[in-house]
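Listed after this line are the structures, all set down as structure tokens.
Two complexes follow with chain A in common, the first pairing it with chain B and the second with chain C.
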Partner chain A sequence: MKLRADLVLRTIGSDHLIVDPSQDMVDLSTVYTLNSSAAWLWEQLKDKEFDLGTVVELLCENYDVSGEQAQSDAEILLQDFEKQGLLEK
Partner chain B sequence: MIKSAELSQTRYRIADLFLEFNHPVSLPLTQLLASFRDFQISSTMDKADIVINISLEAPPVTDDMGILRTDESIAWGDRFRFYEKGDQFITTIANEQANGTWYQYSERNFEQSTIYVPVSSADEQSAVITWISMMIFGQASLLHDTIMIHASVVNHKGHGVAFLGKSGTGKSTHSRLWLTHIPATVLLNDDNPAIRLTAAGIFIYGTPWSGKTPCYKNEKLPLKAFVRLQQAPVNQFEWQPGMKGFIAVLPSCTSIRWNKDLFSSMNTILEKIIAEVPVGYLKCLPDVDAAQLCHRHIFSK
Partner chain C sequence: MAEYPDNSSTRILSNAHYFAEVQHMLDEGKEVRIRIKGNSMRPFIADGDTVLLKAYKGEVLPLGINVLARHQGKYVFHRYVGTKDYKIILAGDGNLVLCESVDRIDIMATAIQHFPQNQSKPIDLSRGWYRLRGLAWYHIRLLRRIIAKLRR
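Let's turn to the complex of A and B:
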């Protein structure tokens, strides 16, 4: 899978966000907020082809978490990305 | 074909960007664009940033207009359509007599456009060309660290304060309260100012577009603050740090959503502006206390 190339992660002060413009006739853009670890992962994953294993590996290498915890966190994150339409179709 | 001898060039400088019109001599552009008067410059050798050609010839219309992106328009109601076709955006507005149509063909980044004029009165020509040029400027300026916003702006002792809010919230009313009750305050623009990032800081500019208020000042001021207004039964001011500030200003910024480069550029400019300019949120009544409370928070900071 791949992150949508048209979305840009933005940092304002200590906040991280992504603005997704609506393509419908109604102008309602969506703003997603990311915590610092999700934002860090976004930067690592952007422009790359990746899978669940990539995310688990990144979490294990850079955070003090068990493999089990990393697996579960990665699954939740990717489900969120999928559900919110942040992945390339 | 119109011979080049019959074409005239009229140039304006708006928010330090060069806007050039190429139009038939028979179209009295400077009279039609009365609100642009203070922005006119003599022709220079500098390349224009934005070029708008105006033609009295028949538009190159084909059956396939491309994808209809929107037909929502506060200004034109049912008369308006906006299409994306290949690497062009096409805007159409039915003329007043309903026997012809205005066509505007723009490149994707709006640096070059052509407006085709149907049968129309001088008043209609003035209204449509003024509006279309605002729409074009709002997009093309994004490539030049400049963003147009929907706001009423006051000049208080040489500093700009921009009031934001949905239509009908009372932006103009709040500006009026400042003009009346806060000494050394005048109006800069009542509807569509431009904001530009420069090496010397962030400036807000008057433009030839100011909604219903004829206030077309060719002036720039350092931007002191944004304030988003919301009608309420009380007056209450709160600063919106970081992301909250960004989200408070975003809905007031101009960009079409169908050119992702322009949309992304708008967000990048806004991100830089928000890093420098504070954003407040004012719940308010339309009264003198609201203006004084707002003034106190911004200018005691």
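Let's turn to the complex of A and C:
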């Protein structure tokens, strides 16, 4: 899977927003925001082909969490990305 | 890293940061669609409806147009109802008394379309009829206040 290339992560103050600035009309009526760690993951996964294993590996390498916890959190995050239409089809 | 992703990756966005992004997109020449919160523009625009904005660049403002403006550190989406001295007077359609007085430079954008939640077709807000209807509604505030008092 891949993150949608037309989406951009914008950080304003402590907020991280996913916006689609590629069109002449930008829809900010529904804004998707990430916490800082999810935003960090977004930056790592940008422009790359990845799968659940990639996310679990990133979490395990950079955070003090068990493999089980990382697996469960990565699943939730990717499900969320998919539900919000942030992944390429 | 201090923060680990929790089970929910969504969080509440501050108004200031949200409107900074709206301003950024307007500055880039984009039209921006935002969701209206609150009832200050009722009966014409309801809580949850969305509107399409375009940047205001100092052109002559048509009376009765809906604008997004900075006011006392906050953001308002109200109707332009007149001028007083060098100030622009804004009023929410749903408000019976309150008006905001802002400088021209505080106007960020004008509204061009309204997308009601219960209607698939957008409304062209720049059309004379919609501006006049809103202005007429503003000018009968006294009557609306009396009716509101009688209803209590």
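Simple rule for what comes next: the second predicted complex is superposed on the first by the 79 of 89 C-alpha atoms of A that agree within 3 Å, B and C clash if a C-alpha of one lies under 4 Å from a C-alpha of the other, contacts with A are read in each partner's own complex, and residues count from 1 in each chain.
Note that a contact is a pair of C-beta atoms (placed from the backbone, for glycine too) under 8 Å apart; a residue touches a chain by one contact, two chains touch by 3 or more.
On a predicted model such as this, the values are computed, not experimentally measured, just so you know.
Q: Output check: A:Tyr32 vs chain B and chain C. Expected answer is one of first, second, both, neither. What do you get?
A: second
Q: Thinking of the overlay built on chain A, is A:Asn62 touched by chain B (first), by chain C (second), by both, or by neither?
A: second
Q: A:Arg10 contacts which: chain B (first), chain C (second), both, neither?
A: Both partners, chain B and chain C.
Q: Does the superposition put A:Pro21 against chain B (first), chain C (second), both, or neither?
A: both
Q: Is the number of chain A residues in contact higher for chain B or for chain C?
A: Between chain B and chain C, the winner on chain A residue contacts is C.
Q: If we overlay the two complexes on their shared chain A, which of chain B and chain C does A:Asp73 touch? Say first, second, both or neither.
A: second
Q: On chain A, which stretch or stretches are contacted by chain B in one complex as well as by chain C in the other?
A: Looking at chain A, the two contact sets intersect at 10, 12-15, 17, 19, 21, 23, 25-27, 29, 31, 33.
Q: Which residues of chain A touch chain B in their complex?
A: Touch residues, chain A against chain B: 6, 8, 10-15, 17, 19, 21-23, 25-27, 29, 31, 33.
Q: Quick check on the complex: what are the chain B residues that touch chain A?
A: Residues in contact with chain A: 69-72, 241-243, 245-247, 250-251, 257-258, 260, 263-264, 267-268, 271, 274-275.
Q: Residues of chain A touching chain C in their complex?
A: The touching residues are 10, 12-15, 17, 19, 21, 23-38, 40-41, 59, 62-63, 65, 73, 76-77, 80.
Q: In their complex, what parts of chain C are in touch with chain A?
A: 1, 3-14, 16-18, 20-22, 24-25, 28-35, 50, 52
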